Amino acid sequence: MDDLAVQRGERILFSKLSARVVAGEAVALTGANGAGKTTLLRVVAGLTAPLAGTVRFEGVRGDLPNDDARREACHLVGHQDGLKGARAAGAELEFQVLWTGGDRASAEHAAARMGLTRLLNLPVRVLSAGQRRRLALARLIASPRALWLLDEPLSPLDAESRRLFGQIMGEHLARGGLILAAVHDPLPIPARQIRVGA
Amino acid sequence: MFAALANPLRFMAFSRWAAPILGLAALLLTGAGLTLGLSAPPDYQQGDTVWIMFVHVPAAWAAMLAYGCLGGASFISLVFRHALADQAAKAAAPLGAAFTGLALVTGSLWGRPMWGAWWVWGDARLVSVLVLFLLFLAYLALRASIDDEAKAARAGEILALIGLINLPIIHFSVEWWNTLHQGESILRPGGPALAPVYLLPLLLTGAGYSFAFGALWLARTRAEVWRRRATALALQAALR
Amino acid sequence: MVLLRRELALAWARGGGPLLALGFFAAAVVMLPLSLGPEPARLARVAAGAAWVLLALASLLSLDRMFEPDFEDGALDLLSLGPLPLEAVAAVKCLAQWLVTGAPLALAAPIGAIALGAKPAAAPIIAAAAALGGLAFAFLGGAGAALALASRRGGLLIAVIVLPLLTPPVIFGGAAIDNFQNGLPWLTPFSLLAAYALAAAALTPFAMAGACRNAAS
Amino acid sequence: MVLLRRELALAWARGGGPLLALGFFAAAVVMLPLSLGPEPARLARVAAGAAWVLLALASLLSLDRMFEPDFEDGALDLLSLGPLPLEAVAAVKCLAQWLVTGAPLALAAPIGAIALGAKPAAAPIIAAAAALGGLAFAFLGGAGAALALASRRGGLLIAVIVLPLLTPPVIFGGAAIDNFQNGLPWLTPFSLLAAYALAAAALTPFAMAGACRNAAS
Amino acid sequence: MDDLAVQRGERILFSKLSARVVAGEAVALTGANGAGKTTLLRVVAGLTAPLAGTVRFEGVRGDLPNDDARREACHLVGHQDGLKGARAAGAELEFQVLWTGGDRASAEHAAARMGLTRLLNLPVRVLSAGQRRRLALARLIASPRALWLLDEPLSPLDAESRRLFGQIMGEHLARGGLILAAVHDPLPIPARQIRVGA
């Protein structure tokens, strides 16, 4: 599946930004604080309406309407991870995975891959920042979707987890996946860089 | 007509002269209606207080008309994304609240001599009008509590549409429940059941109030259009 | 369905489960005679109506947290990217809220009313009215909660939006129960209540989805 | 004081300001007769008591968000590191809650009761009882909210913790108003209410601070 | 003011950790995700009770009881910044500064230093991640306290802000301040490193 994103004039943040991301490609969005990286990711995910311009998803499933294609194609992991502090980590992961189209076995496998197996019974609230981010990232592996929209995915991770997640991103790209990541530090994989904002 | 007026420029040109003409017509009609109404003979049942009818009933009609306009404008704004429709909706709400308040106050002023009570809890007509009033207030409160203009507009549209359910309830309440309130005597199958001495002034004031609402509505919408133009200009200036 | 399971769990935690909703209702039922004084005659007359109002108020208590947490922590974004449209998600949320608080309260309402002195024969109609009313309250309350999202003043703003909308079912339900107890025709208000509740369940999901999208964008 | 100013602003936003609390109360006052049926005589008898119960319920509506947001977003940590002990912080929070919702409701309560048919002469005592009751409700509700923090099931759990504690003031206040209306001695229940409210205001801050520390550690 | 921290046996996380931080010193706490860095910071701030061991504050104000000394000495800035999304950024900063002992003028000055002046009227909710973190950090400058407890302070900041905050930390140390920061990336200032956990 490949992917064309055209996007212009989102508020006063940035305008006439156009880009095309193709299968197997990773793009690192950089830019100063407040430049609009997070906003751009939300626009691509269809959560925020752009002032002008469109985001088009052109894939093998070209028959689907754009919005359905988007819903089936995107994973968004940001600071707001949607995990409920009071529920068990395992239950939350399972819901997120099932909801985005995976199954129970893949959720377990993803948790193991992310080194979370021991923590699945704990309430999300007691997890450390890095453990929690790993839990949020686990659904990327567990339910396969083509486009990963990541907002500063690596920052709370320790060195070991960063290496691991770099490897996971590499595998995703090798399978023909796409990654759009807002970052301040370079990604551990080769990525085209797009600067957002002035 | 709506399609023609959707263009803000054309709307401004139209409303520039339409608002004062409507206002003038409203004054004339209401004046004529009230003169006729006040000179009508006292009702055998209601006595002298019948004159309140010419203030109360048109106010109630105008209140419902205002909510209908709020709902209609909200619908157009939601479906066709016309900024003008949103401005019109926003402009209609306080007017509607005012007319509803007038209907409530005059109604309860009338209720004192007629029913022996200012207010009767449990009368569906009275309460559904109170609900209308609360809905206007809720609409205003919701819009006022959202800073982002676009979001406030969307949220307000949705609330206004949900509230439309109340209009038929108000109108049919006298049929659905045994109420103290007067039954349908004008808009009813079989034609109006009201002596012409009362009917004519009532219809005149009814038209007058509606025109008054129309005039004020256009004027407030114009003001809202100007206000948004001003903020847009200020924003542009700030960006430059 | 997976979403319903999750929403049930969340509604459970939010309201503290049916036990707690019932506890609230029971405590309120206890408080009413306490503050009215013990005269049974006085109580019996208002029993069914009071139980009905308390029910509406009890079902308001946890409504304001139906959408807000999901909005704040980004779960709403996740839900938007799932297989179902947001309309369906909103409907499931309201359904879960109703199952967890409305349904048990519907069972408790006749008991509370009878404890306050209503006629036992009225129990089935009180329960039916409470069940339908609870449905209307959950969906209309959800609409209020979703609309208040963008404004960030929860709690009582929701109450202000929702209460006018709740008034018609309260009238219908109250009238149905009252008429039944007094041997008057009760079917008309009852079917109006049912129509209102079903219309609310059918239409408000669109309002909720629109309001959520609006708040998130 | 800077903390009081902030807490007032937050309580305002939380409850949507006194206007909305009043709106809720007004709407509830409207709903009660609707579901009871319109007979004025029936209403008048329960008016003062019902207004009083509705008041307690209205003051419960936004209580559950008194500590939870501060706990979730880390503001409680910041407050712990300020110049005042947490006990004082908790007291100020409750005071702000009372000023924003309790005090205006105390002014509205007699109006609502009279609208429902209570004797106008009872207005001062209803207002005084409502003010004292509101104080008790705010502090006891705060204690419930703080205790519910660690357990993470807000809403109705708070109601369940709090309602038993609220019952005595409801009884005292109801008795004071009732006795006054019927020409019975009302000073005893009224002073019991006052004593209870002041004791609550004096003691619960320690409970709240303890509960907050416990939840945060 | 100098500062002695002795701390042992917090759950099963770490035990017999002892350290002494002296005036003008920066300490970088490192360790894997879940090692207990955040927990340690909270223990030092007195928000979490240690299983065993004590944290002692020995300063020029040695006359104060330990808890009061702690309350007057610590600034804690973590992921949870205590900022209310619905309130204006300026109002929130002002409250936090006044609450921790600063005044209005210093709050304004700190906002200017952090490049936030233009944003003070916006609700906190619309700020970007980096802008929000800068707002949280601003109270460190505005209300002077000796010990800064920072939990991954730099991660959402852009390169420019990181440089700026490095400079600010340097000034704090030069004034005899102390910094205890949990980090995964090295701090932009010279810092002693303490590894938490196994």
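The chains carry the letters A, B, C, D and E, assigned in the order they are written, with residues numbered from 1 in each.
FYI, a residue touches a chain if its C-beta (ideal position, glycine included) is under 8 Å from a C-beta of that chain, and two chains touch if they have at least 3 such contacts.
Just so we're clear, the structure is a prediction, and the values are computed from it rather than from any experiment.
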From chain C, the most remote chain by mean C-alpha position: E
From chain D, the most remote chain by mean C-alpha position: A
Contact pairs, highest-scoring chain pair: C-D
For chain A paired with chain C, centre-to-centre distance based on mean C-alpha positions, whole Å: 37
Approximate Å spacing (C-alpha centroids) for the pair chain A, chain E: 30
Centre-to-centre distance between chain D and chain A (centres being mean Cα positions), rounded to whole Å: 45
Sites on chain A at which at least two other chains make contact: 79, 86
Contacts with 2+ other chains: residues of chain C: 13, 72, 152-153, 157, 160, 163-164, 167, 171, 175, 217
Of all residues in chain B, the ones touching two or more other chains: 127, 134, 137, 141, 145
Complex interface listing, chain E residues touching chain A: 31-35, 37-38, 79, 119, 127-131, 134, 151-152, 155-161, 184-185
Sites on chain C touched by chain A in the complex: 2-3, 5-6, 9-10, 13, 69-70, 72-83, 216-217
Residue numbers on chain A that touch chain C, as the complex places them: 42, 45-49, 71-72, 74-76, 78-84, 86-87, 91, 95-96, 98-101
Residue ranges of chain C in contact with chain B within the complex: 140, 143, 147-148, 150-153, 157, 160-161, 163-165, 167-168, 171, 175, 188-189, 192, 196, 199, 203-204, 207, 210-211, 214-215, 217
Partner chain C, residues of chain B touching it in the complex: 78, 124, 127-128, 131, 134-135, 137-138, 141-142, 145-146, 148, 151-152, 154-155, 158-159, 161-163, 165-166, 169, 176-177
